[in-house]
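What follows are several structures.
Note that subunit A is present in both complexes that follow, paired respectively with subunit B and with subunit C.
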Partner chain A sequence: MTNVSTANRTAPNQASPTLLAVEGIGIRFGGLKAVDGFSINLPRRGLYGLIGPNGAGKTTVFNLLTGVYQTQAGRIFLDSRNLVGLKAHQVVAAGIARTFQNIRLFPGLNVLDNVQLAGQLHAREGLASTLLRTRRYAHEESEIRRKAFELLGLFGLQERCLEPATSLSYGHQRHLEIVRALAANPKVLLLDEPAAGLNSQEKLELAKSIRHIRDTFDLAILLIEHDMGLVMDICEQITVLDHGEVIAHGTPHEIQNDPKVIAAYLGADAATV
Partner chain B sequence: MRKPNPDTPFDSPTPPRERGLLGTLANSAWPILLGIALAAALHYFWPLGPGWLYYKKVVLDVGIAIILAVSLNIVNGMTGQFSLGHAAFLAIGGYTSGIVTYYGSILLWKSTDLHGGVLGPGAWLFVFACLLGALVATAAGYVVGLPSLRLRGDYLAIVTLGFGEILRVVLQQTNPILSPDQLDSSSLKNWLPPPVGGAVGFNGLPTYTTLFWVYVFVALMLVVAFRLKRSSLGRAMISVREDEFAAQAMGVHVARVKVMAFMIAAFFAGLAGGLFAHESGLILRPLDAGFLRSLDYVIMTVLGGRGSISGVVLAATLLTVLPEYLRDFDQYRLIVYSLLLIGMMLLRPQGLFGIHEIWDWRPRWFTRKPQTRSPSNEKRGAA
Partner chain C sequence: MADFAQTLMTTLAVGSLYALIALGYTMVYGILKFINFAHSDIVVLGAWISFTLTRWLFPAVGLDAHNPDSPAPPLWLGASILIAAVVACSLIGFVIERFAYRPLRKAPRLNVLITAIGVSLLLQNLGQLSFMFGPSPQKMPALLSNVELWRLSLPSSGGARNVVIGLVDVMIVGTSAVLMIALEFLVFRTKIGTAMRAVSYDLEASALMGIPVDRIISYTFMLGSALAAAAGFLYALKYPGLNQPAHTTWVLLGLKAFVAAVIGGIGNVRGAVLGGFVIAAVEQFGAYYLSSSYRDVYVFALLIAILLVRPSGLLGSTVREKV
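== the complex of A and B ==
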């Protein structure tokens, strides 16, 4: 367990700047091409955005990347390891963790346990040592607990660690989702609309936290968000999806001035641009 | 890099030190040693006399019911997989251990009479038989656990129910029991299917089940259940119950967790089956594998609470003791249980205690503010 701490993960490999390489993945549901030919290259410490009108296929991209759905074409490489064909729990272990658009915390577990659950991912001790309560087991468990508690400090949730997860305010539940994903010690963090339902003050703080997380944990972030202000503010590169296809990719400045993007948004949701 | 918070309420972690088997036992075995001591005390201080014999039987029944209900709760309560076939594991454990003690006694000692005292050779044969029965039940638990990977809710309930019912019918087709004299002249025809009494039941088993052994196994069950509940595996089980999809996304190997839950539960149900089969005044019958008996334990877990070990212990005790005092209760048992089940589902679906233990409950004015509590003083439960 000790070697998976965020601090001493192996230094960035300069030879390959791309951490997550995605090439032409897609899935159809019946006749509907939910995602088609989606590609993205996410570098180490990159903070990229994924936007698009409602139903464009953004969440489906996350589901494809995390093994919830199996891609019907294309390739996914994380640190040059092929992820296609892995099951969801194996993908997390490989280093991609996510949050959910519609918060999915475990109501029957308290705040700390929600985080510990993700933190125990790399735990080694088996049933026998669990039941015998060996010292190794106790040590491993207390390490998971300590790290989880430490992570809760990111959003000031430590005082509330023994409360049921669902007793938190909506904003705090969104924070807890992020902390829980971080506890899995990912290389890539996928955030699905983390600012949804937050007020503008909370959004500002969230933007700061996201940058802070990227810097301190040395990971790459891919962010789905409808709030254009937030996306344009913090993302280095943005990919735009419409009807399952990538219609643009570039810096926030390029995206804002891309006629295809403007058309897609005017057609669907003019107010958000 | 983040500095560790100096106010962290954790003791600084001690580096893991390799301990020998003895060291581990000394440190982690005390709850079970305590349990053995209590079981021995119960056994030896139990008053003699005809009146007490009846209470003794009730207390034995309570212990066996506790093992069955608490083990079922690992599947139904903690992992959220609705099993209606728990009695099948009881029957598997009971019949397996019965074959070993009945025919083993005849082979070893030429009769099925008790051989030796509480820790005599006969008792050890009995304990060995119970453990063997538990292992066979565990294997069955693996098989029954597999459908839970694909089926959910009602469908899984129907499959587990079907398993118990099939086993009940199969047990009815078994051969008559062989007496010591018949054993010598028996041929393969008598042994296939096994001679465990068919529809009549497996009677004549040596009655090795004592207060001591029942409560040793109760202690073992409780230690395992509490340790499981407060462990990574227990947390994973609860996450599977709450939201399988999210659990998977957090790295939980859902299939493994479900099958583990079934196997652990089946092990203890098999163990309890051994105790049940060798209790005096009881005959192990094919009916004991069926739906009606499974329902008894489901009611106990529903009443006690999804995942509340102490709640389920209380419910198992009440539902075993009360019928003894209500005359003719057996006639109305099914009606009462059904009403109880419907009432619970409507009024308190989480069970009397929900996921909390009895000692978690305090009057509201008594509870401290959550802010003042830190994780380090949360280490309650049995070790």
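== the complex of A and C ==
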């Protein structure tokens, strides 16, 4: 009993500290090792960063985690449930949602529909009740709509909910992608370059929003980002990827002073200077 | 005037058939970006399944299916045959997608296209086997008595002439209209339709938002096949002399419906309907006022003209290349 209470003190109200456990996953495309032996342990409410030079394999890691690609090695556990072999839509259902580096909203659908679609994920009513419009179906639909609308409020998108998604400004489209991912009710949120293309004011607000989202929805967040200011500011732990392999892992302070990281970013000479 | 009205009536009936078939091509293209060449063969199956069921069921209601002067059966018989053909073809569409196309989901699009041609040949030749529909043309017993609903006397070049609006044409236009409105509702007003549109915009992103993409693709094939079956049934009502399954008239029918989908803007549901009526108008009016031996030429000439002026079709949006 005493042991349990000590454990509780270090990690309050948490059954297991690790939410997403990734061990040695990888994929080759032909002869190219795109990602090799990637591991990470993301705790509940963790806010971790994944950085690396262009082409290091960061987005490929996301694709492996979300079932777009099937990992050729290693294991992925979410809440001790094995995710290897699941299809993309099953991985989302299990609790991993993501955004995209290049915005990939559904252009012909309005803002609310974009969010509601992801909210359909946990809907129970099937084809028959959709076509027959049963009362339970109507109730469930209005519940999904209410939740989608509420989520849009996070970024003040409520009054634009009937406009086509593409009519939003670039920054708002990025926000909408995050809202859409949240509608899937995830345990882990993967953000692929959420700050790309934002100005410095918007980046500051984004940093605030990411923390707010983590706290409100009790999520673990893993984000890919090139903006070092943002990463160093909000991430608790950072993993650095180069040529598909993890070259460093640690706190922002450790990463900033790691010679291997400096070499990867600036070339080997810079590290020795 | 009378000639014009009569040709217009035929245009509406034939256009409805083209539109129903074109919808199947366009929905599958919208989602999977490939032309399902086996789609026209579903129309053939729809027509021949209707024929076979009619042959079986006529004796059950005390009629002789082999007697060309046999009176028409009650309306519910025709309706149940239509529903049975629709259900059967939906299942066939499901099976084709599941076993021929789904294994190739990650293969280059050309492979799927060639597979579609293979499936088409398979269906055509299976249909001609003697234990299926047989290698010879058949006469479809009349499911509807072709009553005159209206007879209008309209002025014509040689004095007044009668324009006859028959039950069969009205039935074809009416049934098609109901089906197309139902589809419009399904695609734009239900969550399954929203999911279909999402998948057509971005298949991968849809999967990552939790949409069961494979299931949505199955629904799309079943829906397209259902409409094709209805078209086959209605075609057999209008043209009771059914050609054998591999006959070129069927190929031409499918090809024209495909042209309708392209002219309307392939991937666009409303465009397919518009395209169906546009090519029916060109074909029927051209055949009547110019020369009926060039009826196919008008359709394909229009296709060439549209592709030159508006390659994305009448209602199609310009395609943005992904980089």
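Criterion: the second predicted complex is superposed on the first by the 253 of 273 C-alpha atoms of A that agree within 3 Å, B and C clash if a C-alpha of one lies under 4 Å from a C-alpha of the other, contacts with A are read in each partner's own complex, and residues count from 1 in each chain.
Heads up, the rule we're going with is that a contact is a pair of C-beta atoms (placed from the backbone, for glycine too) under 8 Å apart; a residue touches a chain by one contact, two chains touch by 3 or more.
Please read these numbers as outputs of a predicted model, since none were measured by experiment.
Visitor: Clash or fit: subunit B and subunit C on subunit A?
Guide: Overlaying the two complexes on subunit A (C-alpha atoms) leaves subunit C and subunit B clashing.
Visitor: Thinking of the overlay built on chain A, is A:159 touched by subunit B (first), by subunit C (second), by both, or by neither?
Guide: first
Visitor: When the two structures are overlaid on chain A, which partner does A:93 contact: first (subunit B), second (subunit C), both, or neither?
Guide: Both partners.
Visitor: Scan A:117 for contacts with subunit B and subunit C and give back first, second, both or neither.
Guide: Touch partners of A:117: subunit B and subunit C.
Visitor: Taking the superposition on A as described, I'd like to know which of subunit B and subunit C A:204 touches: first, second, both or neither.
Guide: Neither partner.
Visitor: According to the stated criteria, A:196 is in contact with first (subunit B), second (subunit C), both, or neither; which is it?
Guide: Touch partners of A:196: none, neither subunit B nor subunit C.
Visitor: Looking at the overlay, does A:73 come into contact with subunit B only (first), subunit C only (second), both, or neither?
Guide: Neither partner.
Visitor: Counting only touches as set out at the top, which of subunit B and subunit C does A:84 meet: first, second, both, neither?
Guide: It touches nothing on subunit B or subunit C.
Visitor: Would you mind checking which one, subunit B or subunit C, touches more residues on subunit A?
Guide: B
Visitor: If you lay the two complexes on top of each other, which residues of subunit A touch subunit B in one and subunit C in the other?
Guide: 66, 68, 87-89, 92-93, 97-98, 100, 104, 106-109, 113, 116-118, 120-121, 123, 127, 130-131, 141, 180, 184
Visitor: Please name which positions on subunit A make contact with subunit B in the complex.
Guide: Checking each residue of subunit A against subunit B gives 7, 66, 68, 87-89, 92-93, 97-98, 100, 104-109, 112-113, 116-118, 120-121, 123, 125, 127, 130-136, 139-146, 149-150, 153, 158-163, 180, 184, 216.
Visitor: Could you list, by residue number, the parts of subunit B that touch subunit A in their complex?
Guide: 1-2, 4-5, 8, 10, 13-17, 19, 23-24, 27-28, 223-224, 227-228, 231-233, 235-236, 238-239, 241-243, 245-254, 260, 264, 307, 355, 370-371, 373, 375, 378, 383
Visitor: Spell out the part of subunit C that touches subunit A in their complex, as residue ranges.
Guide: These residues of subunit C touch subunit A: 186, 190-192, 194-195, 197-198, 201-202, 204-214, 219.
Visitor: Residues of subunit A touching subunit C in their complex?
Guide: Contacts found on subunit A: 66-68, 87-89, 92-93, 97-98, 100, 104, 106-109, 113, 116-118, 120-121, 123, 127, 130-131, 141, 180-181, 184.
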